[in-house]
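The following pair of complexes shares a single chain, chain A, combined with chain B in the former and chain C in the latter.
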Partner chain A sequence: MAAVTLENVSKSFGKICAADQHNLEIRQGEFFVLLGPTGVGKTTLLRMLAGLDKPDQGRILLDGKDASNMAPYERDLAFVFQQYSLYPHMNVYDNLAFPLRSPIIGLSESTIKWRIEKVAELLKISHKLKNKATALSGGEMQRVAIGRALVREPSVYLMDEPLSSLDAKLRADLRIELKRIHEELGATFIYVTHDQIEAMSLADRIGIMNNGKLMQIGTPQEIYENPNSVYVAQRLGQPAINLLPVEALADQYPESATTIGLRTENIQLDKSGSGAFQGMVDWIEHLGDQNRLHVKLASEKLEILASPDSRLAAGDAISLTLKDPLFFNSEGHRI
Partner chain B sequence: MKGLSTSHSVVAPTAWSKRFAALVVVFYAVVALVPIVWIMLTGFKSPADSISYPPKFIPTLSEVEEKPGEYSPYYQMTLEGYVNLFTSRSRQSKEYLDSLPPPETWYDELVRSRQMVITGASNFSQRYGNSLIIGFGSTFMAIFLGTLAAYGFSRFKVPLKDDLLFFILSTRMMPPIAAAIPIFLMFRATGLADTHAGMVLLYTAVNMGLAVWLLHSFIDEIPREYEEAAMIDGYTRLQAFIKVVLPQATTGIAATAMLCLVFAWNEYAFALLLTSGSAQTAPPFIPTIIGEGGLDWPAVGAGTTLFLIPVMVFTILVRKHLLRGITFGALRK
Partner chain C sequence: MQDSSTIEAQAPVTQKRSRSLINKLMNMSDRSMAWLFIGPTVVILLLINIFPLLWTIYLSFTNYRANQPTRDIEWVGLRNYERLLNSEDIWGYLQVTAHFVCWTMILQTIIGFGLALLLNRNFKGSSFFSTVILIPMMLSPAVVGVFWTYLFQPQTGIMTYIINFFGNFGPVDFIGNVDLAPWGIVLVDTWMWSPYVMLICLAGLKSIPPSLYEAAEVDRASTFRKFWSITLPMVLPFLLLAVLFRFIENFKMFDLVNELTSGGPGSITELASINLKREAFEKWRTGYSSAFAIILFVTVFGAGNIFVKVLNRVKNR
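This part shows the complex of A and B:
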């Protein structure tokens, strides 16, 4: 049975459509990531699942039961907010104990203590339990916030960009930690982010969002290899996919195509000049493990990754051969 | 070179500017405290000392020798003012006083030395009790209703919210006493005149504007995420309000309660107009002591001193909550 089902869920704030006819099924135990830039309705979707916002239309089913009239506290889910939102008047222990002391759960103090110690150990915050919530570093606060979700042991975890306010090192550490926790618990995670690396590394499935619409849903691999539109293709891959008018690469192309999308793996570089298209290396970013080539091709520019031992220099003439490029029509749809 | 500092800050105050600031503060405090200290000292004077000129202002416990034509700033402290404040007395002839059995208590003796006997307790303690009931009662009501109203305005879509808030503010745009006559007529018609309930209602109504606006801005500063987190953590909205919002609003509540109490406690005009007996508060009562057998300044001083105490104690109790900055920091903006 699906853990979470959305049926035609819509929601708008004034003229802004935050959710447009969402239809989605999230399986039990799945790690589902919603990916998209700021303001496309990712958070609204989470808030509707949590019961903090009511959909204008449609139904949300949790574990097969209609949740339309359930208050947030009846839904058996935990929410990690983008901002830490630890209760500032409590210490870390009381913050973690807060959901367990609620009238809905109401565990005994000894059970609470045992659960908190277990979670604190997992998140490496055992030595901070007596601290005031306000006397923690950013990373510690975020771990406590995640911990407060974990102690509940709910069936669904909702996470709204929980790592976005952390520095890169900590973000990478906690990302791995989250993946491990998910595998250990086997619970359903619904995770919102605008970071494609987080999405790619964590997700079982990704939903790409734009203007309140779910543009494409699939495994990270499917979405990367088979984007259904220019918008989706632009969301994944670094450097971002190169989009050129088809005429620039006058080869064979489908009739309605107007744009061609090229990632590094769609291009074969050749110094000898035997390729189909002739270009020139404009300049090179040396990133250590790889080089980022900025290539000039007639009046267009391309960004391509190359291995550092390709020994190319700025000004070198190169030729390109295309391998299974992506074609899009004038509306941005994939052909 | 002498006097050259390697870590010179342009914003940190120097030792001299700190000393100067302290001097200004101390000077101001002394000036502001003079009337209060004077009235407290007056409470311990005898009626004669209280009106002597040039004034006597240094209290001693020992007897002060009076030399004619020579000024001394010393006076002997006495509790006569306090005795007069709490009792009513009547003047008697020497023959009658001599016929009485010897005085039983120190205050009987004190009163008889002035050719008087105590005939009963004065109304002061009852008026003081009225002040406590009405002052703290109306403060509690204003805070209770004000917090709920402010929370509602802050968190829910209230139709005509801005107009309602402006209406509430507009109740403070003229001095409340400007509405004295309609209020007087209303109180007379409804039987609220000279009742505790009436005065609590009136002071609550006057304080509501202040309470709603102050608390509204305090609660607006508490991020909604806290309640939303609590509501997902298994609490209803009311429980989240009590467990998460209220503890963080203590600062605002303490500050607002202070201001409401000071208004209700010190209010004179309405109390004079609307109370005369069973619900009369201390402010209109204290000046009436003057009328009893001459100007009884020591009793007035004693009454005023006692009247200051509750507000002082309350201020000291909530002082630590008045310092802000408890809620900030756990939520990054």
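This part shows the complex of A and C:
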């Protein structure tokens, strides 16, 4: 049975449509990531699931039961807020204990202690339990916020950009940690982010959002290889997919196509002039493990990854051969 | 530290070039700049706060009378203090003050905090109501005293009228009746200053991020638990601050009560400061009243300090 089901869920704030007819089924134990830039309605969707916002229309089912009119406390889920939302006047221990001390759960103080110590160890904050919540670093606060969700052991975890305010190193560490926790708990995770690497590495399935709409849902690989629109294609892949007018490159293309999308793997580079198109290396970004080539092709520019040992230099003439490029029509849909 | 040393190092070079005022100011060390800023305040403080305080302490050990300035000032040692602390009347006035301070603090805390909780709900017209509620504290205490004597007027005042809605009590004299007068002044002060407590509590309530309540809601906290574990602890420093201010203010209360009852009937509402004014400026016992003033000062200073300690403990918890 699906852990979370959305049926025609819509919500708007004034003229802004934050959720447009969402239909979504999230399986038990799935790690589902909502990806999109800020302001497309990711957080709204999460808040509606938590019961903090009410949908204007449609039904939300949790574990098969209609939860549309349930208050947050009636839903068995935990929420990790983007801005931590730790209780500033409590220490870390009391912050973690807060959800457990709810009379609805009715746990003994010793059980609570045991659970907190377990979670604190998992998140490596055991030595900070006595600290005040406000006397922590950003990374520690974030881990406490995640911990406050974990101690509850709910069936669904909602996480709103939980790693966004951390530095790159810590973000990478916690990302791995989260994946591990998910595998250990086997609970359902619904995770909002604007970071494509987070989405790709964590998700069982990704939902790409734009203007309150779910544009495409699928496994990371499906979405990466088979984007259904220009918008979705632009969300994944680094460097971003190269979009060019079809006339610039292809000799053969579907009739309605107006745009061609090229990622590194769609292009074969050749130093000799045997390829179909001739271009020139404009400049090279050396990133250590890889080089980023900026290629000039008549009036167009391309960004392509190349291995550092390709020995190309700025000004070199190169030829390109296309391999299974992506074609899009004038509305931005994939052909 | 580093700034001041580099500025000082550059100073000789620039001095040669020009000696204009602006240049002098710019070459000033951090320390002299600091003195320049606080200097005027320090002088004023010394003149009108510290000197009078020391002078009062000196006078409290003498039999000086301000209406006989030419008389020799005689050093009497601790005699003024001895007489004060052994006087039953003084303890009576302090009791009247304690009654007034305690009840106004309790009522203003409850009413002010309650109003703040209501107005924090952002209903339609809430900003209008908060403005209206704030009006009493913006009025002059003397004016408030005068018009409340009219409202309290037993025959024509509106208080008698209102009370007789609930039964036939006849004329009710809030400031002339021995039993009611202590409550009359509490009532007026509460009416006037509850908005002040409300204002500070409201600032405290507004400073609580709404996301905390959302987090608590997801964490399955009941409405009562949200109030008890989030609202109350986070507003408490603000509330204590408001109560501290009201404590100090009401301990020194003079204008409002002087206008309402002038300490009467008899000396039922004679607060310490009203008695002090009598001793100092009606009986002209300047030395004696200086000693009384010092006692009151030490009391309010000590109690205020305890308050601040508690406040800091609450804040750092």
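The working rule: the second predicted complex is superposed on the first by the 334 of 335 C-alpha atoms of A that agree within 3 Å, B and C clash if a C-alpha of one lies under 4 Å from a C-alpha of the other, contacts with A are read in each partner's own complex, and residues count from 1 in each chain.
Keep in mind that, in the parts below, a contact is a pair of C-beta atoms (placed from the backbone, for glycine too) under 8 Å apart; a residue touches a chain by one contact, two chains touch by 3 or more.
This structure is a prediction, so every number in the text was calculated from the model and none was measured.
Considered on the superposed chain A, chain B and chain C are sterically incompatible, since they clash. In the superposed three-chain model, the partner touching more residues of chain A is B, compared with the other of chain B and chain C. In the superposed model, A:P72 makes contact with both chain B and chain C. Of the two partner chains, chain B is the only one that A:T134 touches; chain C does not reach it.
Of the two partner chains placed by superposition, A:A2 touches none, neither chain B nor chain C.
When the two complexes are overlaid on their common chain A, residue A:L61 makes contact with neither chain B nor chain C. Residue contacts after overlaying the shared chain place A:A50 against chain B and chain C alike.
Residues 50-52, 71-73, 77-79, 81, 83, 85, 87-89, 98-99, 102-105, 148, 152 of chain A lie in contact with chain B in one complex and with chain C in the other. For chain A in complex with chain B, the residues that touch the partner chain are 50-52, 71-73, 75, 77-79, 81, 83-89, 98-99, 102-105, 133-134, 138, 141, 148, 152, 165. Chain contact summary for the complex, chain B toward chain A: residues 223, 225-226, 228-236, 239, 243-244, 247-248, 326-333.
Within the complex formed with chain A, the residues of chain C that make contact are 209, 211-212, 214-222, 225, 229-230, 233-234, 317.
Those residues of chain A that touch chain C in the complex are listed here as 50-52, 71-73, 77-79, 81, 83, 85, 87-90, 98-99, 102-105, 148, 152.
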